[in-house]
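Have a look at these structures, which come just after this line.
First chain A sits with chain B, and in the next complex the same chain sits with chain C.
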Partner chain A sequence: MTASAAGEAPESESGVSGWALMLRNVNKAFEGVQALEDVSFSVRIGEIHCLAGENGCGKSTLIKIVTGVYSPDSGTEIEVFGERHASITPAQARTLGISVIWQDLALFPHMTVAENIAFDESVGLIPKFFSQGSSYRRAEKALNRLRVDLDLSASLNSLPIAKRQIVAIARALHANAKLIFMDEPTSSLTQSETDNLLRIVKTLSTEGVSVVFVSHRLAEVIEISSRLTVLRNGRLVGVYDTSDMTQTRLGSLMTGQELVSEVSARDCSGNPPVLEIEGLSRSGEYSDVSLKVRSGEIVGVIGLIGAGRTELAHSLIGMTAPDSGSLRLNGRRISPRSVRDAISAGIAYVSEDRLTLGLIQQQSISANVVITVLSKILGLMGLISPKRQGSLVSKWIDELAIQIGHPDHAVSTLSGGNQQRVVLAKWLTTSPRLLILDSPTVGVDVGARAGIFRIARKLADEGIAILLISDEVHEVHYNSDRVLHMRNGRIVWEHDPASASLSQLEARVYA
Partner chain B sequence: MRRLVTGYTVELRLLAVLLAMCVCLSILSEHFLTAGNLTALLNNNAVNLIWAVGLLVVLISGGIDISFAVAASVVQYVAVYCFGALGGGNWFFGFVVCGMLGIGLGLINAYLIHSFRIISIVVTIATFNAFFGLLMFFTSGRFIYNLPSWWVDRIFIFEHQAADGTWSELNLSVAVMAACVFATWVIIAGTNVGRQIYAFGDNPEGARRAGVNIAFMQAVAFGWMGLMAGIAGLMQVNIVKEVVPNALIGRELDVLAAVVLGGARLGGGKGSILGCILGVMFVAITQNGLNLLGVSPFAFQMIIGSVILIAISTSNLSLGDAFERLPLAAAFKRRTLRR
Partner chain C sequence: MNEAVAALKRRVGPETLALAGFLACLVVAFSAFSPRFLSVANFNSMAFQLPVLGLLTLAMLAPILSGGLNLAIIFTANMSGLTLAWVLIQAGGTEAGVAAFFVGCVAAVAVGATAGGLMGLVVAYTGAHPILVSLAMMIFLRGLGEFLTRGGDISGFPEFVGRIGHGSLLGIPVPLLVFGAVAFGWHVMLKYSRHGFSVYMIGSNIRASEYSGLPTARTLTLIYTLSGVLCAIAGILMVSRFNSVRVGHGEALLLVTVLACFLGGVDPFGGFGRVAPVAVALVILQVLSSGLNLLGANQHLSTAVWGLFLILVMVLRHMLSRARIFLKKRKEI
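Now for the complex of A and B:
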């Protein structure tokens, strides 16, 4: 399959083309850096289209050009619903019905659902009275179009992320959006929430609203969209039908490297066990969990959100106490009562919420790396020794090949993949025996994911036992030595990637 | 109805406490529930409430203002000179001059905050010092008693003689206060500008992306605060019949505490007129009650301080949460969890 005919814009000059958006020869340079070069991009009316590419490939620049945040360089042709524009202003984009739902949603947490949905009618400098009642009615209408039921008077901050997402979509509909860009809409949703969102997106499409999906999750990209446009380094790679697209192929197109998914499972049954759990239970979270992780072994724990996998991890690192059962590390019985206990016993936990819990975003990379081992780098008079800190930090930056400007730069300046490595470095300084990786690739580029698993494998080779928690079947199948399937708080199945296939595991998990 | 209850939790709770307090005070003191006491309560708090509604708008927009009380003093002094130049002036000129001066001072704050991207607390602490320093320098701390007669003459909007012959009355400042409260309510609860100010305070980046003109909203919020400060300054002279440079300094923190007590969020995006009124009345009635009960005035600040602290720290908690935060309860919970 080459860049198929589906992607080539027909040379219709009539204007009634059935195309919501057609961009040709989009160019944009920032201070000499070519962010987009001769990119074409088109979306049909009522189509669900996916815009794929790694961070920095130009996706956001493209969206910002369509919504008028940036104006494109000369030569660019923009056609919205058959009408030509040299460039678009934000106000024009709104009247044309182009709307973006950013990853952070840009909603107002202390307003009610209805106030959020109807907010855009308030925008403007000319003072006018507004009626709460009629904006409630209009908000209700937008929700009805999505066929969802939400309490209009609930305060937004009382809703889970998934419902806020729906509010953001309703808000776009209320503003008469006919072309909606969704930036990473599912990155913080559970599987069932994602399914629900995808159902809503399909509803939109049957209503004639075009949706452009930007997502890192290849599986859902392929599932939902009918066509996809792939960008790499500011250039168009191609436009493809999703009917015969696979995750592996899409990953290769995005990264430009042949990504091979190979089962990396090995037999570690001869190694001494590091973690032994016997009959561990905590009411309402998990029950009767028994498992072993051996030295040098990567054990995957797969389960949908709510299966109890993260809760189990929280007990292993002492955040919650199990009701019953026993925990052994290197043969010695432990019962960590706090995270500090767990760290000194040799357990490290890389949490799933890297952005808010794992790192102090505004602080420097070095400060983040050493925060778990401050007492080990003290020098004269009990003060932090810059020399010891520096050598520790540079050791791990080299070891994990973290790409940084300078160790003193803030963590927030790094990409997702590099941030994840900083979190790893922070925990590896504690010289753990057991490393728990909870959803390590959330928000990480396809290309960078492979790097993280390479690191995991290398650490395992050095004798660390690794528990890899994830809700992506693909990920655990290819990167673990054994996979445990958790459902409703229990381990229900052990999968051996070396002898059983990915689809067998998928069938069990999504059953 | 449910919308009312969930949307105004802090306000309803404050109202309940306030009513309970009023019942207790009217039992404990025979003077509390008299026309004389209640009208005095309103007269004495009119200026505070005018400031409070102005400050409410600033808090909703995500800012804070420390300089408004001093700004009111500046307005008073400059207004005295303006009225002299106008040949005496009258109430109409009074409102126009004081209102414009107040708006001007408010816009200085808005300009500094917006164009130099300095957070409002820093800007208004600076303008607080600058306004007061300039005022003291140019007036040399001089009091002014020689004021136009229209300004200092009492105007009653309500008079009543009780059976025992004592008079009770409401003066003009109460009517002005009512007008300011009403106008603020219309703006924040009934116009698109109000919605945009809430939105800006709640999520500035989200508001910017939605096309809200940030500079304009900032100017409206601080301009309105300035207008209220100017009008409060005007009315305060009518009550005390003198212009004193340091008469108002220090009252900004009382007003701020009262507004926050009424449910306005210091981070922006939340607050209501009802809560604002209740917050000011809560502080006023506490003070009034202590007075009537014969508590030493030296203990007032301490008691009011602790009452505000308790009210604010519990106002966002449910009763169960509040219990859990008590040190004893926490220790108890730890013991039970361990087993």
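Now for the complex of A and C:
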């Protein structure tokens, strides 16, 4: 793969003020393993640039070199606003105007908005008198530059994530940042919050602040940035203009595999229905939902966050009770009151929140797989048989090709894609009739996503009914047999991927 | 040889091995300084002292594993002991028969289970913090006990009751037998039963456990109930060892049980910890206190040494885990 014409800046331009950051031949090895090899990376002043690549490709290492957390190996050239540096210390990075907004934001939850924004005034060798009035004024100035209105005296932990992010940006601006790195900034935002953030980022860019976006979401990467740099396995794949970039192409560049997006929809109307929902309502969450999922069918439910899709799933697994309506599974009326009820009825639920609900991160892979089927691994005197547990676990590890070190290792040691396979294993052990996949690719690398959907299709072929809930339109379009669009708690449209196009669905969902 | 060590490590766990190694050092050191340390008399005295603390520690262990704590263990044991005492006195005091003792034990266990079960229900269904719930239960039981006994001692039990606390069977002290049996049962329950599995999972992440279909409320209720039962057994042993009951007896042991748990490698935030290393930790504490006692040290000094020792262990553990992370990183990168 070669860098395109939009790639490395020609030598003659270096030192000219058009570049905020120019890195050449960045090398960084940790104990003999090359984390970055001859990577070049440059950002124009006022540019919105995207740094793309799968987990472990070297994105974070690169950011940490620019901000002085790591010092690069010899041969690396760093130029910030035309000035050459052999390496950068964290303090230097700050005075040079380089700032990073990490995913966890690193703010102070118990301090006010103003205190957070003006925080850097209060640190230093010599304690300064911290005047509330002036810090308020300066915090307000930073927010005005972003054209947002926030209550300065509100405590940070009273704000939603999206607003906290704005506080973090304002804090960077207040510290005179001219080059801001944002690490996965949209991963926990709703669509409208994301739009708002993208608008703010554009405002920054018109003011001459450069922004480097690090994001998994291919669609918004292409939408917002003007150029993008792709890394893979610590090497530069290339630098590209986003004007002629597609999601599919970017996905292949990141993974090094041809990712084909083909509509996989098929007609399952002849199969017997597994799940039948009739007029299901729960006040404040969803209303009058009726749908059918047939054996072997993958039904996508698309909706923005807050559309009621996860809430509907929670009622299917007995976490909440619907106010009215009926549920049938294989023709039998059910009303699950607990997850246990749902499991014995044949319903399995892969939660959208793998970190806190889907898996018990600290516990072993083995324990996480058998947690749903303890009664199947009992031996002598009704006690858990380690032998049965072991063979059940290794069966599913083989079946789903999960890459692990040892079944006794903590689940948290696995990559997102492998963790999601463990979740699938844990639910498939229950031999479900209906599998609910709620945003199954959150935090999963592009390459591993295809693998998850391959498994889903295989399960459907074995006769399982699958309800695929997602807020990524292309995901449901390409991987479902039928797509239901949910908005404000109601199903408002049925989309047939075989006959209607992706853009038609996009237009409806984002309307 | 190396393979044998590795196999042993897998079965017993590095935590237990490290503690056992430390215990061996302690025994060697004390034997070198005091000729009486390696005597039958000393071992007997340790074997009679250890079980009460041991049972209370196991009663503390399970709630900690579930992500909670049971601060009411001592007063639950006292109340159970009081129940047994009451039954014995109703049946004639020193004249009471074996049947009365048996009934008294059943009643004591019932009281312990009720106290624990109540805490468990509140923890499970209100989501109140176990520290608060068990603290409230502790204060309630203490007040109730002091009200009933007017703060005094109750004694005058039949002679055979004392023999349980001081007697031996096949050369092994009866209290040690009781502790051994309970510890084994506890080990099996935690490691191999569905209930034990749920306790660990809930201790790590109760919401994820619920989403996986584990009966979280039932598990919590049951684990506190069982903790109460263990307290009752400890209370019965205390009656037979001291031949009297007083509310507040053994109060100083409360925090020692927490100490023994942490010394045995139990995660203070729940989800991780095993019976075997905790049992070894108990022996270490007992050896420390008996050994210092034999060397003529003040009893309060040995309490101070326990505290210092725990701090030392925490620091060592921290350094070890840092070293492990460092080594792992070197390997990975």
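Note that the second predicted complex is superposed on the first by the 497 of 511 C-alpha atoms of A that agree within 3 Å, B and C clash if a C-alpha of one lies under 4 Å from a C-alpha of the other, contacts with A are read in each partner's own complex, and residues count from 1 in each chain.
Keep in mind that, in the parts below, a contact is a pair of C-beta atoms (placed from the backbone, for glycine too) under 8 Å apart; a residue touches a chain by one contact, two chains touch by 3 or more.
What you are looking at is a predicted structure, and each value in this text was computed from that prediction instead of being measured.
Trainee: Look at A:S155 in the shared chain and tell me whether it touches chain B only, chain C only, both, or neither; answer first, second, both or neither.
Mentor: first
Trainee: Touch test for A:I384: chain B only (first), chain C only (second), both, or neither?
Mentor: Only chain C; A:I384 stays clear of chain B.
Trainee: Identify the partner contact of A:F119: answer first if only chain B is touched, second if only chain C is, both if each is, neither if none is.
Mentor: first
Trainee: So, does A:I343 touch the first partner chain B, the second partner chain C, both, or neither?
Mentor: A:I343 contacts chain C only, not chain B.
Trainee: Considering only touches as defined above, state whether A:V33 meets chain B (first), chain C (second), both or neither.
Mentor: second
Trainee: Which partner does A:N418 reach: the first (chain B), the second (chain C), both, or neither?
Mentor: In the superposition, A:N418 touches no partner, neither chain B nor chain C.
Trainee: Do any residues of chain A touch both chain B and chain C, and if so, which are they?
Mentor: Overlap of chain B and chain C footprints on chain A: empty.
Trainee: Under the touch definition given earlier, write down the residues of chain A that touch chain C in their complex.
Mentor: That would be residues 30-33, 35, 317, 319, 338-340, 342-343, 349, 351, 356-363, 367, 371-372, 374-375, 378, 382-384, 426 of chain A.
Trainee: Would you mind writing out the residues of chain A in touch with chain B in their complex?
Mentor: Contact set of chain A toward chain B: 90-91, 94, 102, 104-112, 115, 119-125, 127-130, 153-155, 321.
Trainee: Which positions of chain C touch chain A when the two form their complex?
Mentor: Residue list for chain C touching chain A: 188, 192-194, 197, 200-201, 204-205, 207-215, 271-272, 329-330, 333.
Trainee: Looking at the complex, which residues from chain B come into contact with chain A?
Mentor: 2-3, 6-7, 190-193, 195-196, 198-199, 202-203, 205-207, 209-213, 216, 265, 269-270, 337-338
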